[in-house]
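Taking it in order: structure first as structure tokens, then the write-up.
Order of writing sets the chain letters: A, B, C, D, E and F. Residues in each chain are counted from 1.
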Amino acid sequence: MSRVSVFRKEHFNAAHRLHNPEWSGQKNEEVFGKCNNPNWHGHNYEVIVKLTGEVDTNTGYVYDMKKLSDLMKELVINRFDHKNLNLDAEEFKDLNPSTENIAIVIYNLLRERIEDEYEIKITLYETERNFVEYPV
Amino acid sequence: MSRVSVFRKEHFNAAHRLHNPEWSGQKNEEVFGKCNNPNWHGHNYEVIVKLTGEVDTNTGYVYDMKKLSDLMKELVINRFDHKNLNLDAEEFKDLNPSTENIAIVIYNLLRERIEDEYEIKITLYETERNFVEYPV
Amino acid sequence: MSRVSVFRKEHFNAAHRLHNPEWSGQKNEEVFGKCNNPNWHGHNYEVIVKLTGEVDTNTGYVYDMKKLSDLMKELVINRFDHKNLNLDAEEFKDLNPSTENIAIVIYNLLRERIEDEYEIKITLYETERNFVEYPV
Amino acid sequence: MSRVSVFRKEHFNAAHRLHNPEWSGQKNEEVFGKCNNPNWHGHNYEVIVKLTGEVDTNTGYVYDMKKLSDLMKELVINRFDHKNLNLDAEEFKDLNPSTENIAIVIYNLLRERIEDEYEIKITLYETERNFVEYPV
Amino acid sequence: MSRVSVFRKEHFNAAHRLHNPEWSGQKNEEVFGKCNNPNWHGHNYEVIVKLTGEVDTNTGYVYDMKKLSDLMKELVINRFDHKNLNLDAEEFKDLNPSTENIAIVIYNLLRERIEDEYEIKITLYETERNFVEYPV
Amino acid sequence: MSRVSVFRKEHFNAAHRLHNPEWSGQKNEEVFGKCNNPNWHGHNYEVIVKLTGEVDTNTGYVYDMKKLSDLMKELVINRFDHKNLNLDAEEFKDLNPSTENIAIVIYNLLRERIEDEYEIKITLYETERNFVEYPV
């Protein structure tokens, strides 16, 4: 049988701030620069889920892309779109919403709901020029 | 002599909220939907300045693009990048930071510093799918 | 008051064939080349509506972009997405579905439902390298 | 010696329909939704071939990109561009033209003509938001 | 009858240098900066031709896009692709190959061969962030 | 602990020529075609550095993206932007500046300055349709 990776891209727009509450204001500014602005800033995030599995010979599908898109909307877009990641999202109450950490959170949310027979990987674009992948 | 339009694109990332303080919370939510989130959300804005004028026969330039880029950085990017438009920008203290109004503000900021012999127009992308032009 | 143009982009995927039933097969092939394939071919169309009007001082909006997006979905996307333009769309029963004609049809569909105080213009991408605008 | 991967992107426009002839019309519609439209729909496909091998010290090339482009045109673009994948392509007479299966077919066509010393991988975009990779 | 604008995009890769031979080396460097490098630098240029005219009711076309593409290849791409604009192109022997001037040259080359009933306009991208339009 | 890959994209514009000095002019033209133009041609190169490592729990960062961007500017952009790779860059005095070799050179320049605990990989776009990755 044939293993194929399928990819689905969705997007959300959110505000955030990078900040470590255990550090002084000065250290936060040194480390995070303008990303530490106490009044927040924001991004148009693009999230791609890569899902790898066997091609079903009845459908020619690895996974129903509408189902994957709906799952991304339910678990990721509805949760983060037009939100403040630090204030509105339970997941970042005690976790700095760096692109790295947002990708890990998205992975964990999807991993719980996608069967183990499928490998998944998250690519998250904060801007066209800054992006991350998890797991490696 | 030949008139040509030249374009320069820059970007900035900002948080904002759409809100009319003269309206009830309910009306604000009806009109602005999720863009009214009191905790803000954000975007990667792309701004394009179109500048129209005569080609200088000594340089082949309508306008030095480095100078235009520097002017956009001084007047627009430094002012709005990694900022909260409602809280950090004087220009939106009493003006709703809709994409339309942000484009008008950017036009006015640049118009004061670019000589009258040049026509200018602003295109502002809030997302890849929503954008505006001013003046028409 | 300030006039601004706002733009909204949506997409649809459709099959079509270029063909003039009053011409011989040979002439159709000469004129339309591989676009005349009797078994159809298809495209991912991107459609941008440009809408020009006054900025409402209460909202900072020219037009509610969600309303524009919903109108595009109701009138354009639901009608053409995952359809065969020649066979499934009443509008092309007697009209060759060239990019030019599709743009004119989309303009007419939207013009009936958008108030006269707003000017509108359609940009339609058949591919990244071939696109049209109507009206000029 | 140094191993490098080189990539070449080409595109084709095609019509298709997702359908399992062993299933009822109702089941086909449940599984494939609007992709099951009996009158076909279509896409602008983007295909990327990744080819991995040693850098030739005389040329600095892993593989002549013009040769790779010509091979893609001969084996993939000429076969599928402006075609109906279900009706015009021998490869999909008994195989559902899902993005997964199209990628596998493209891989097999190229694998026969590219020497074994080169690994190859296919990325196929059906839309900007849906794409696949084979092999994994 | 209906007037529509059609657009075709092509690209070419070229080397160039901005330089005014009537100026000192110092003045050239002050005005053109790193674009004055005597050993040249280069770009991937994207050129879009906008052509406006009546839709032919027999074809649904304003202009045969294959004919427009062929004309662009004959007059523009074959002339400039993989060339040094200053050294290899007659048109820039005495004309600084600024983006503005390249666009004017391309316009003039096409204007001679496209019938007067069609208006044409050139958009030329030197980079994704720097581009020009002629005529205005 | 969590391993994540982070990516940063930068660009530079350069002239180059593909040429093997040990070959005849005729053989160079046969192998390299128009890329062998003795007067050079050029490209807008896009370079992406992928850096893989552990997420620091204090910052949520694998690596400070500003530091990575600065390093790319210091080592790559300042060295190659608006330059002739064959004439101005020490690295290509005896090495053909194919996309493959440029990527290897960039990798080696960055590898010396990025700590061994981080894996790095370079993706280099010569055009939107031709690109390479190193190491594989």
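Definition applied: a residue touches a chain if its C-beta (ideal position, glycine included) is under 8 Å from a C-beta of that chain, and two chains touch if they have at least 3 such contacts.
On a predicted model such as this, the values are computed, not experimentally measured, just so you know.
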| item | value |
| --- | --- |
| Chain A to chain E, fewest steps along touching chains | 2 |
| Smallest count of steps, each to a touching chain, taking chain A to chain D | 1 |
| Equivalent-chain rotation between chain F and chain B, CA atoms, steps of 5 degrees | 180 |
| Of all other chains, the one whose Cα centre sits farthest from chain C | F |
| Remotest chain, chain A as reference, centres from CA atoms | E |
| Copy pair chain C, chain E: interface residue numbering same or different (half cut) | different |
| Centre distance in Å when chain D and chain E are each reduced to the mean of their C-alpha atoms | 34 |
| Inter-centroid spacing, chain B versus chain A (mean Cα positions, whole Å) | 28 |
| Between chain F and chain C, distance of the C-alpha-averaged centres to the nearest whole Å | 41 |
| Contacts with two or more other chains, residues of chain F listed in rising order | 128 |
| Contact pairs between chains, per stated definition | A-B, A-D, A-F, B-C, B-E, C-D, C-E, D-F, E-F |
| Residues of chain F defined as touching chain E within the complex | 11, 13-16, 34-35, 37, 39-44, 81-84, 87-88, 127-128 |
| In the complex, chain B residues that touch chain E | 2-10, 50, 52, 55, 58-62, 64-66 |
| Chain D residues within the chain A interface of the complex | 18, 20, 22-23, 31-33, 95-101, 103-104, 128-136 |
